[in-house]
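Order as written gives the chain letters A, B, C and D; numbering starts at 1 within each chain.
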Amino acid sequence: MTEPGTTDTQPSDRDVALIVGGGPGISASCARLFAKGGMFVGVAARNPDKSVLENLEKTLGVRRYTCDASEPAAVERLFANVVRDLGAPTLVVHNIDGRVPGIFGKGIAEADPSMVLATLRNSAFSAFLVGQQAARLMRKNKPNANGAKGTIIFTNASAALKGYPSSGAFAMACHAKSGLAQSMARELMPQGIHVANVPIDAAIGWTQEDGTRAHRRAGTTVDDNMADPDCIAETYLQLHHQHRSTWAFEVVLRPWVEKW
Amino acid sequence: MTEPGTTDTQPSDRDVALIVGGGPGISASCARLFAKGGMFVGVAARNPDKSVLENLEKTLGVRRYTCDASEPAAVERLFANVVRDLGAPTLVVHNIDGRVPGIFGKGIAEADPSMVLATLRNSAFSAFLVGQQAARLMRKNKPNANGAKGTIIFTNASAALKGYPSSGAFAMACHAKSGLAQSMARELMPQGIHVANVPIDAAIGWTQEDGTRAHRRAGTTVDDNMADPDCIAETYLQLHHQHRSTWAFEVVLRPWVEKW
Amino acid sequence: MTEPGTTDTQPSDRDVALIVGGGPGISASCARLFAKGGMFVGVAARNPDKSVLENLEKTLGVRRYTCDASEPAAVERLFANVVRDLGAPTLVVHNIDGRVPGIFGKGIAEADPSMVLATLRNSAFSAFLVGQQAARLMRKNKPNANGAKGTIIFTNASAALKGYPSSGAFAMACHAKSGLAQSMARELMPQGIHVANVPIDAAIGWTQEDGTRAHRRAGTTVDDNMADPDCIAETYLQLHHQHRSTWAFEVVLRPWVEKW
Amino acid sequence: MTEPGTTDTQPSDRDVALIVGGGPGISASCARLFAKGGMFVGVAARNPDKSVLENLEKTLGVRRYTCDASEPAAVERLFANVVRDLGAPTLVVHNIDGRVPGIFGKGIAEADPSMVLATLRNSAFSAFLVGQQAARLMRKNKPNANGAKGTIIFTNASAALKGYPSSGAFAMACHAKSGLAQSMARELMPQGIHVANVPIDAAIGWTQEDGTRAHRRAGTTVDDNMADPDCIAETYLQLHHQHRSTWAFEVVLRPWVEKW
């Protein structure tokens, strides 16, 4: 892949994708798929020095950015840097779970208020910040052949569909992301920006160093019983290419054997 | 396209698609897209002698079948004929609106009970009959490379999402289809059969003889303000190819400018 | 309670309640509560010669009517008889499950089509027929002090909220009732008729001859782990009395220990 | 009303209600209804020195508390004071809209991030803080005759049901409250605590000084076209008294003429 460093002065017709929240699962799969398809791709993470991201940089030219997406100024800076380096984004994926370690499995009486607020900020508030910057830039994009100026996708979770017990903070965060996505969709779609909310209603099994696909808590994938992030990335790409006469707002993805 | 007449004795790896409910909109678009992609395709309609279907037969080898899908015996016969002619289906689309002419716009006090029952039979009950035959056959299919035995897609409408005033019969029918689709998805997905409900939340503008895209009551399409059946067909194909680790059950499609 | 036989010639300000679908559970509880509160009450059932109904007649003057609510002419006759005997109804409850015995637990491939259609007719179509007659009559009612002309309540079930596996016919029927109720609510509420859908998301434990509360399949009630029909009736009465500035359309009732 | 000052040492069987978020609408109506029904009642507000609250104190003995409900320590202190003054609460209402003035009508690109975060904190995070304190205390309550230890009610809004354009912050906040309420309901109901989410899908018309009922932006109430807070309070009381065999989690209230 060639360096996309000059795209700011010489606008390209190539798609520019920014993935916010960077790890070895959905983000890496998206970056790989988008880059292989010819997009300029950036990935932002609090800590982008993960081997999977470094590898994507080396092999596919994916740009890495450091960003705490819960900080307004940091998100503004991130988008400015992406515009400078890659061009104005046409595809933005918000892919942040946002739960702080101490909040998992805490009942309503036990949850630490500061952790609840941190989870809300990391997840829902960062989704707003990323969505806002994306909206500001995309509105100025030239419509593509489909009449579309861009696509904004929010990765979401089962907790967006159902508030589980002992999981109030995450239920709040995921529901808030859904509400934001809906509001943005109703506002931005008529302006040519496709907004989608994609709750993954399952554990995600990403490829480990030993080649197996697994989830930290749910164990190793057997018979596709966990969501494959490469397949999630494909759905995201389809959403990006979807014709504006038939835009999907919400797609819930779950493995064939999942109970729901 | 070659005649697929011998597929019953010599099973093919080619997909076999059956579209029930045949007109110039979604059904024709599906038949065209599926056939061009190499599937054996059958289309069933009460009256399959429509020029658009005859044309698909001539140009792409799409088989036409006569079937009143609200009759159990007729649906059973249809599937038997398809198996004989094309092979066991791997992709079945139920694409029947089902409203009888006199039911449109009738308030609860005015609706004729026999028309309400006819609408329920044409739409929801036929969906059951088609889904049942599809399930019976697909369960015996050999899993494909994705581990899937088949895909069953129900076209649905805005009335599946919201019961509109003066539209009780259609609200009943569309909600019933959603309930059926959900029940089938929970039952059949773990058996390797992908079931999807696709409410089109808009008027559908299909290509008229003069080349414009239009809807009988909503007029001519302007700036993609109606759902394009060719694009709906693409989503159906994507659902069929979706990996079983990440199956979508429901996808609502609406134009970018639609109010919802 | 005095015989309400002359109310047709001498209109009363007393509420007239009709409960369609009559058994020892919700219907009996409603009839008892409404009659004790001073309403004229009728109960219709295919077979109204059940001891619990005969007892309500003797002790509280509740009128019993024979009616197959899936038959348009029978439902029309029922309402005419009620108007003649009790006056025009101001509160109508549709309380029919509608499943035929052979449909329980049948998978999509096994369900008998004629039983699926019978279930749809018994449940959703009868709801339409009852709703239609109620709407026709109530529109002519004089508004009460709350500005309301009447209340129509549909008892519904968990299957209205979720399509369970091996339960497609009931999922269709219950979803259809929800769609109908929604359509009627949007149409009739602005005309002064309160329409409500009440899914009972649990087994209902009604009082047996030995005094225990139990459900045929789910066993005996322990610690209020099943819905008590007397309490359901109270919610119905509250809905009927609810001020038109704050009408609830849907209320899901479930026991405190129910999983959902 | 007598001063309830000694209830901490001498537990009373009277209900203790705390309403968080205090103004002339739902809060005042609840306080009035609950106090008239014999409960000890407290109302907390950032500024409790409003004439309507002072009046409730004088006439009905309602206690006023100063509390910024978005501050963990303040909420903890509030509940401690209520326990000391009135006893452990058995009915807690969270009734805070939470929007800061500058956020109304702002599109996604225009909304000030600090105002978005403030709205989230005021509304959803305060709901968590109030819910947490309520849960901690109620779990230790003695079950009442209904087997219930208490009731927690969240007032919510249309934005909980639908994310409206140019209203992203409020959509986030209201959806988050719904998610929290759901999670709490699934966790606490089996512990004997009734949790309810009550979206008011309409403007609320509360009684003005001149006796009319009106809404700041929507004007004067005509023919009950706005939700009457006195009627909302009645529904809250019914939820509190609802038998645990049939608890409603969500009740959406809207005027008869509201579009939805």
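To be clear about the criterion, a contact is a pair of C-beta atoms (placed from the backbone, for glycine too) under 8 Å apart; a residue touches a chain by one contact, two chains touch by 3 or more.
These numbers come from a predicted model, not from an experiment.
A.B. asks: What is the touch distance from subunit B to subunit D, in steps?
C.D. replies: Tracing touching chains, the least step count from subunit B to subunit D comes to 2.
A.B. asks: If you list every residue number at the subunit A and subunit B contact, are more than half found on both copies (same) or fewer than half (different)?
C.D. replies: same
A.B. asks: Express in whole angstrom the distance between the two chain centres, defined as the mean CA positions of subunit B and subunit C.
C.D. replies: Their C-alpha centroids are separated by 35 Å.
A.B. asks: Indicate the whole-number Å distance between the mean C-alpha point of subunit A and the mean C-alpha point of subunit C.
C.D. replies: 47
A.B. asks: If you average the CA atoms of subunit C and of subunit D, how far apart do the two points sit, in angstrom?
C.D. replies: That pair's centroid distance is 32 Å.
A.B. asks: For subunit C, which residues are shared contacts with two or more other chains?
C.D. replies: 186 - these are the residues of subunit C that touch more than one other chain.
A.B. asks: Work through the pairs of chains, note which ones touch, and then classify the graph as line, ring, star, complete or other.
C.D. replies: Topology of touching chains reads as a ring, each chain with two neighbours.
A.B. asks: All pairs of touching chains?
C.D. replies: Applying the touch rule to all chain pairs gives A-B, A-D, B-C, C-D.
A.B. asks: Which of the residues in subunit A come into contact with subunit B in the complex?
C.D. replies: Interface residues on subunit A, with respect to subunit B: 147-148, 186, 189-190, 192, 194, 200, 205, 221, 223-228, 231-232, 234-235, 238, 242-258, 260.
A.B. asks: Which residues of subunit D touch subunit A in the complex?
C.D. replies: For subunit D paired with subunit A, touching residues are 72, 107-109, 111, 113-114, 116-117, 120-121, 124-125, 128-129, 131-132, 135-136, 139, 159-160, 162-169, 171-188.
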